[in-house]
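In what follows, subunit A forms one complex with subunit B and a second complex with subunit C.
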Partner chain A sequence: MTELQAGRTSESLGVPHTGAQSLRSRYRDLLIALIAFIVLALLPLLTSSKALPDFVIRCSAFGLFATSLNLLVGYTGMISFGHGMFFGLGAYCFGLIMQKTGASIPVAFLATMAITAIVAVIIGAICVRLKEIYFAFVTLAFQMLIHSTILSWVSLTGGDQGLRGGIPRPAFLGIDLSNQIHLYITSLALLVIGLLVMRQIAQSPFGYTLRMIRDNAGRASFIGINVWRVKLTIFVLAALFAAVGGVIMSLFVSGAYPEFAYWTISGEGIFINMLGGITTFLGPMVGTVLLLILNDTVTRMTEYYGIVLGVVILFFAIGLRKGLMDFVVEWYAQRRRSGEGF
Partner chain B sequence: MLQIRALSKSFGGVRATDNVTLDFAHSSLTAVIGPNGAGKSTFFNLITGALKPDAGQILLDGVDIAGHSPPDIVRHGIGRAFQVASVFPSMTVQETLFAAVGAHQRRAGVLRRRFPLVETRDRAEHVMDLLGLAGKRKRIAATLSHGDQKLLDIALALVLDPKVLLLDEPTAGMGPEERWRMIAKVRELWEMQKITVVFIEHDMDIVFKVAPTIVVLCYGRILATGTPDTIRNNAAVIEAYLGSEQRAGAEA
Partner chain C sequence: MDLDALTGCLASSACVVTQTTSGLIIGMLLFLVAVGLTLIFGVLKVVNFSHGAFYMFGAYFALTAYQLTGSFVLAMLCGAAGTALLGLIFERVFMSQVYGANVLMQLLVCYAFVLIFDDVVRMVWGPEFRSMGMPTAFQVMPLFIAGGVVPPYYLLLIGVALAAAIVLGVGLARTRIGKVIRAAAHNPGMVSALGINTGLIYGGVFALGCMLAGLAGALAAPVRSLTPGMGFSVLIESFIVTVIGGMGSILGALIGALLLGLIRSFGSLGFPLFTEGLMYLFMVIVLVSRPSGLFGKEVA
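Here is the complex of A and B:
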């Protein structure tokens, strides 16, 4: 049989052209990312307001954090209540290195990633063996441990005052992060690259190993997968992206505060995932935008921020029973199916 | 091939597997039977590493694998399917098999390429064809019929190209007709793949017709081994197993 014939017969059976198809999906992701980057990068030209770029920078920080949490929650079925500790760790590590050593920003960034990886390996090695609720609570316990360490180690962290006096932002490679536009473009680039890399993780063979573990970890071990090692790997990878979010946040506010490492950050991550939905890759990103819009508008209108947020989460959890993106995807699939019927 | 030497396992005071010594010849087809609670599933769980034996050896081609972890034992070449079909509910048939072949090829951790990998395709296609799942490749596992889920479970074991295939009640939960189709499939796989197959089965008709060798377990011990004829005429077996069942049947 010639190659052409082989291709044709397999097509009639609906066999995917594994090679070509995966290449195409990769280019598609790259194209979407590039367009999103260009559109968002041009945004400051359209408006003179500072609020919009600030909003996008915050979206970058929380979007990376929430999407990385979804790698654990949605893809692997590991519900971490302590993912925020790596957000805080990233912010503090980066801020401290910049303040204390006067290193250049790329060096401080890489050092932050290295420290986060080491901490995540240690915490992950203890946590990932635990099942569901125990995993959730032990990660939460580590979050509280890191938070109280930050509070009590006043000589290093400034305690409840946080890292004050601003974070020095020396220019590198012509990028000056004390310039608002430079910071905006850099955050955006980190967001887009971070999302692309996480998308690649999710669609790689490793990403499907995660899905197998989520669905049925016992069966996965009986086809030769070392479940513990896979869980630890994704725990550390997710921690790194959360730390990038923390770095963006510390650059944005030019400091780091204990709230960045408090459990409520983890709670917001879970909340964002519930809002946006965990069955699509971009669900958490949509959730981030939703939460930040809610946050900004509601706090402006009322002091009862918590109540409004509570009502919204009840609507999604009990009313829709899924996140917004899950809802949209299902609605679209249903429409297409009924469309085929006519 | 697969040799079990003085294998024992207790739960509290109960000896679920009691000093079992058995040889499974290369390319043999063996049925394991026994009344409920005879220790059949425990026996499988010990071989596959789901449970750690208290004592004894499990030799696969002379290598002792007793007490190793499940992934490690799988890598030595022992695949298993479960009594209750154990599949990945949210994945389609072909995703499941592409991923399983990838795991077998030690590519489960590949990060830089996209799923599915080209090199996993042939093996996955081959196994889908073998088990008649090719037409249902796009179906999500959770939506498959019970019988197809059992087949997918067996497919998951087969993609690993095992030397020994352990099937824990491949016909569990099936109607009479489906049972025979399933067992015919198992026999066909055994004949075509030339692997060592051991299966647990409750239906005596099936066991005596299909299996060239039968092992009878009772209270964790081997009561008898041999061909269907020797088992059928074994006094101990009739007393312990068939006898009681026939009596129960007569009472009902």
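Here is the complex of A and C:
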């Protein structure tokens, strides 16, 4: 077995949970989330530059997307290569509803979630029966199907030009998303709430069922777990969080473009997961920040972005064979163990 | 949607012949790419996600060789041999590191090379569209079959692809090397215990698969325009072919590629904007009814 898989099993073994412990860890998660939210929310006070808030908004969009992908890849062992379709779907649904119907933002948001859930149930019902590489391909094919639908349905989606003319952002509940600071705080809130909910999913009994299916699907089904239904559930849940990321992105750029639904988004999602590490919950978040920084600096320095990115990927895939957070966690565990020896 | 154009075409034999031949050449090119993919998967159990890049290199190598020497045959040979060598190096140096690792690692290594190869082509040959032009030997009167126009180059292309299919099929089924390859696909540990160098077989099969993709690229060079990133759409389509036909089945790849080629050429008449979508739809239908593909082995 690879180091990656070995790392995963050792993680899933050390989980004798008692009720009190899980309650305590839940409060701890909540506390960390609150502190992170407050610190990041105060960030614009420290700097007047617009670049930093913009960066954090993009991090929220991609962070939600990548972390939701990790629910599939890292926790359930389902390597989806088409997760980006839900990112694009969220962006387009939200943008279209806002442009065509003039609904209020919360209504459009909920409608987007409902549509994404329906699409994800249909696509998931077909895909989750398939294993490993077939699953990866078929999700990729669905991604391309959605992408080509967006390109060809010009009257609705604007084809390869994308949704233009801006997305109207009427104020609601005193929140005005056309204001940069309001948008910043809202994306941040969506990110923190999204991460918190996903964390709850990952730490719940359902979350441990996911790990079990990843490690031994046959055994899970022997003890009476309906593997297909569990996989479908997590597929749909992950799709919803990816769609939230898409909504944030469409609010940020005030539009939606076919690239949001293109396969490269999925590729980047996988890569973010790999970069940050898939054995820790926050790994994808770390990966998102790393990739976006890498993106911004490399595109400024050279036009051959692909070569640089490719070499970095190779370094992580062949050199380290794990993500940054995996590395940090293992290093920390090793240090603690050697500390106990004395 | 333009169903009138489709029914109108089906009513005239000339149009049917033209569309069928154009479907056949799309299918045959796809077959060459897809059969390499399926062969590599069947023996090495890895999915070469960067296979499209070899198709691209085949086309560019052929372009350069043709411009330097003016010989069409040399251009084809260069395209095939160059990509085979490139594939061998790629397999020995990089892919062999991730055998047995999980699919994610293999996808990532290939993804890295898709990015790198596209940029390398952009550096060497430039980002703009290039075209090789039809070789003078084939600049002759097209044939007319039942009123439809068939350029002679199309016949050559179909012939070469068919020959490759037959050589490959017979070679795998009847020759000693074919037997060893099939054995290595089945049980590499045992094959290596019998004193056969499995690393050599893996490298050879990978190079063969890449060579077929490169040959497809070289054959496509006179009839398609060349651009960095041209490999990706071909890659996606050959994935569809292998999934429809069943992973690891050569016959499946042939049938799947031809079906897809025909869907593309006739679909472009009836649904000009949704041609790509039609292919994905077809794949979904096949997978829902037969999850392991038309000719794949049943998977539990």
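Please note the rule applied: the second predicted complex is superposed on the first by the 325 of 342 C-alpha atoms of A that agree within 3 Å, B and C clash if a C-alpha of one lies under 4 Å from a C-alpha of the other, contacts with A are read in each partner's own complex, and residues count from 1 in each chain.
Definition applied: contacts are C-beta pairs under 8 Å (C-beta built on N, C-alpha and C of every residue); 3 or more make two chains touch, one makes a residue touch a chain.
Predicted model only: the values in this text are computed from it and were never measured.
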> Looking at the overlay on subunit A, is there a clash between subunit B and subunit C, or do the two fit?
Replying inline: fit
>> Tell me which touches more residues of subunit A here: subunit C or subunit B.
In response: C
> Which of the two partners, first being subunit B and second being subunit C, lies in contact with A:F55: first, second, both, or neither?
Replying inline: neither
>> Touch test for A:F327: subunit B only (first), subunit C only (second), both, or neither?
In response: neither
>> Once chain A of both complexes is superposed, is A:Q200 in touch with subunit B (first), subunit C (second), both, or neither?
In response: first
>> Applying the document's definition of touch, where does A:Y208 land relative to subunit B and subunit C: first, second, both, or neither?
In response: first
> Thinking of the overlay built on chain A, is A:F37 touched by subunit B (first), by subunit C (second), by both, or by neither?
Replying inline: neither
>> Rounded to whole Å, what minimum CA distance do you find between subunit B and subunit C in the overlaid structures?
In response: 10
> Residues on subunit A in contact with subunit B in one complex and with subunit C in the other?
Replying inline: none
>> Applying the document's contact rule, which stretches of subunit A touch subunit C when the two form their complex?
In response: 2, 4-5, 73, 79, 81, 126, 129-134, 136-138, 140-142, 144-145, 148-149, 151-152, 154, 263, 267, 270-271, 274, 278, 304-307, 309-311, 313-314, 316-318, 321
> Okay, in this complex, where on subunit A does subunit B touch?
Replying inline: 13-16, 18-19, 22-23, 25-26, 200-201, 203-209, 211-212, 214-216, 218-227, 230, 233
> Of all residues in subunit B, which touch subunit A in the complex?
Replying inline: 48, 69-71, 74-75, 79-80, 82, 86-91, 94-96, 98-100, 102-104, 107-118, 120-121, 125, 134, 137-138, 156-157, 159-160
> How about subunit C: which of its residues touch subunit A in the complex?
Replying inline: 41, 47, 94, 97-98, 100-105, 107-109, 111-116, 118-120, 122-123, 236, 239-240, 243, 247, 273-274, 276-277, 280-281, 283-284, 287-288, 291, 299
